[in-house]
């Protein structure tokens, strides 16, 4: 295992310290357990947005803290949901009197820890709503599983709900918008090579030199099928088919197309993927109205990508376009 | 070699098509040879900025085309300087009557091809100035070499000179500012693992499982020394020492600290690196006034990082802070 | 042997020792069908438990000790197992009340722990989770003639329950994402449950 | 044998064939001390040359053919070798003028090519570049009794010159970044120069 780290058990501590040093506009609690908050939190009268989860997905969530997006992010240990304490601390820190929305990726650990935190925050008089994100179509039959996972679509929920909160929507409205985004986004990912969790020191699964893994999550979990290596176009087709079938997306839809890198894949490859994905959507009569390409919801050094498609309407488009000012996503100010 | 590509010889073509699809605000010539230009080029009365070089460094340079930065980028084949024709085409496309600045990384091929292009553009009546970027301290003795290489500092030159052009500075002034940035920035990089050029199909150099390469360039060239794997902090110290010695940077200096990923390294590791780099600068009495962390000047899928330090004054700081609106760097609008 | 406060401390310390020893093995099970952190997670939690136990009043009851374990796990483990084991120890501490020993209520304490896990995680036996170790253990303890026998029977049943998760397809937790690919692998949480209950029998 | 237009075409087509055959080898040399693309670069260029040659007027002079090679290489190769070989062929075409054959001026044509490379790249013999193959070739051609002998002598000298780059430290091009680590490796551009001149001798 070759990584730019020191002690494998200190990766999160040192990365959080690096985030604090690189982004002085944020207010980072650099002693564990960590909270990364907006410098101006709490914003009086505004609904606060808190998300969090295991570390290793950077820039998610800390890189999305700022004007127009999250008010605070709570990074847990690598791939391990944070405990309730820092979630409660973050909730209190961002409560400006209008209540707080928890954006939770659908993993048993995240759901349980945020649940406890919401109970504790409520006990302290803070109104909390929770939205569970489950955009990953790789997990097929949700009746017999822990349900679909929350993956790259989370970013889209955070951006759009964040814009709604920034314009002054009430807690119930912001939660409703977040749920609308979740209901309209579908994602699927794949890996060319697994990631290596620092303290594990070995790859999270084994892949042969000519094998790829389809339907991976963002925690180094193996995916839904292991197949022989294919050209990028075939991979894109394989990822898009279940995405388009599932919602289903239809001819005439306007969508946001998001091609996401898993952490170890360079941008040039993501553009190759984007090209094909846009082509396939066009061939279905689906109009790509907004785009995002980059490594935003990662899985340490995993090589691979995910594709997310969000069906837009005018209201969602306007919120997507609204100003955002965070370390990893920024426009309009 | 596992990559998200189709035909190895079509990577640049397909990536450029992907850039065009993902960034409709740019005007991309999607038939070879490629030019990626601002949608509103030429901006009348504004100095045009053109850069370019081999592909494989994405988002450099195409990702830095837009308001406040480049007017056009010319992507060559992977790691191969573009030929003069598209450089001339780009120069013509962005000339708004105030002349055009060529920003050229110091590699023999880039320098020669841009030289020819400048001659041809001049012959067509366009005033051209060229600035050669050579910020890489890994190449020690410039008298007996092709001179220092242009690496990640190029981004800083493009941003700051771009802001000067946007505020209306004349060609000579923009060129002077670009040279000032180049004179005040120093960079050095390292690799944990080499990159694989698609059409080569094998790594650009061989590294043992416990070896790292110090002083690499951005073209998969081997570096200045091969050493045993070290913790991130020791690597940072090793990269920063020659950077600080060279200018030299001194106590009291205000600087921009830029930690750059080589393409295959996740952000979480870059933050670990940033933390240490900021710590070392502080211990030298150097004030980190501006920061940048991310994979901006890459070398395909190479794993590793580079560190750049730019000495700031008020004028450069103001230009750095000025609005920029490009696919990869965006703030203030 | 009385299942008093001393025993409770010995039990928890033995769990901490064994989790530290078997950390890599537990994470390895989790790597096969989860995300590879189960051993790390529990070790982080029980290391914290061990250090806080030292600060606890010397006259703390078994219930107070179990409550400390619960709150420490909840605030240090994270992941799925943190809230689940945290709830288990919390409900166990409530069932323990302020009794000096657990001898007369061991089966109830174990049942409360299991019920807490089920209430939070909604898993049934056969879903390939820690419940597959807890439920047979609770049943075996309830059928045993006394507390000491109950501990041994619970440990045996938990181990058998853990082994029995191997052929299953998972319906809860991360392993559920794998469908049939989870078959042939033991659930890590059921294995750590067996570890905890075996430590109870040996404390 | 006359070094007429037919010969010039045969020469350039033979270069195109050999570059295609030896593409991987040239890139491999470049991988050791450069960036691994020299074979690709030249192959891209000479593939374009081959297709444009077909469109050239049947009565084109050697000079016109060389000029087509020059402009094609300049506009398709990129990198360092594109402008350098492009300039070499451009200067060679100028030295060829509109003569029907190069028999009476071969040494001048080769010298013009070499001078063009030196003017653009500023390398001296011993800097471990293509100049280390060109300069001995030019000298050998100048000393030869006739054009056919000059071609053979130039090819031999270029090959020897290429081989002689192996022990050197580079002072130009990418290999110069490596310092002493470039020692023991042959300069790829000197090898492609030897290829080009050997093809001239065999065309």
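A, B, C and D label the chains in the order they appear, each numbered from 1.
Throughout what follows, a residue touches a chain if its C-beta (ideal position, glycine included) is under 8 Å from a C-beta of that chain, and two chains touch if they have at least 3 such contacts.
All of these numbers come straight from a predicted model, not from anything done at the bench.
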item: Identity of the chain that, by mean CA position, is farthest from subunit A; value: D
item: Subunit C-subunit D separation of Cα centroids, rounded to whole Å; value: 76
item: Rounded Å distance, subunit B centre to subunit C centre (Cα mean); value: 54
item: CA centroid of subunit A to CA centroid of subunit C, Å; value: 32
item: Sequence positions of subunit C contacting 2 or more other chains; value: none
item: Subunit B residues counted as touching two or more neighbouring chains; value: none
item: Chain contact graph, described as a line, ring, star, complete graph or other shape; value: line
item: Which pairs of chains touch, using the document's own definition; value: A-B, A-C, B-D
item: Complex interface listing, subunit B residues touching subunit D; value: 54, 76-85, 107-109, 112-113, 115-116, 138-140, 144-146, 149, 197, 199-200, 202, 204-205, 217, 219-222, 224
item: Subunit A contact footprint on subunit C (complex, rising order); value: 27, 31, 34-37, 40-41, 44, 74-84, 120-121, 169-174, 176-179, 181
item: Interface residues, subunit B side, partner subunit A - complex; value: 2-7, 11, 14-19, 21-24, 55-56, 58-59, 63, 192-193, 209-210, 212, 229, 231-233, 235, 259, 263-276, 278-279, 288, 291, 293, 295, 298, 300-301, 303-305, 325, 327, 330-333
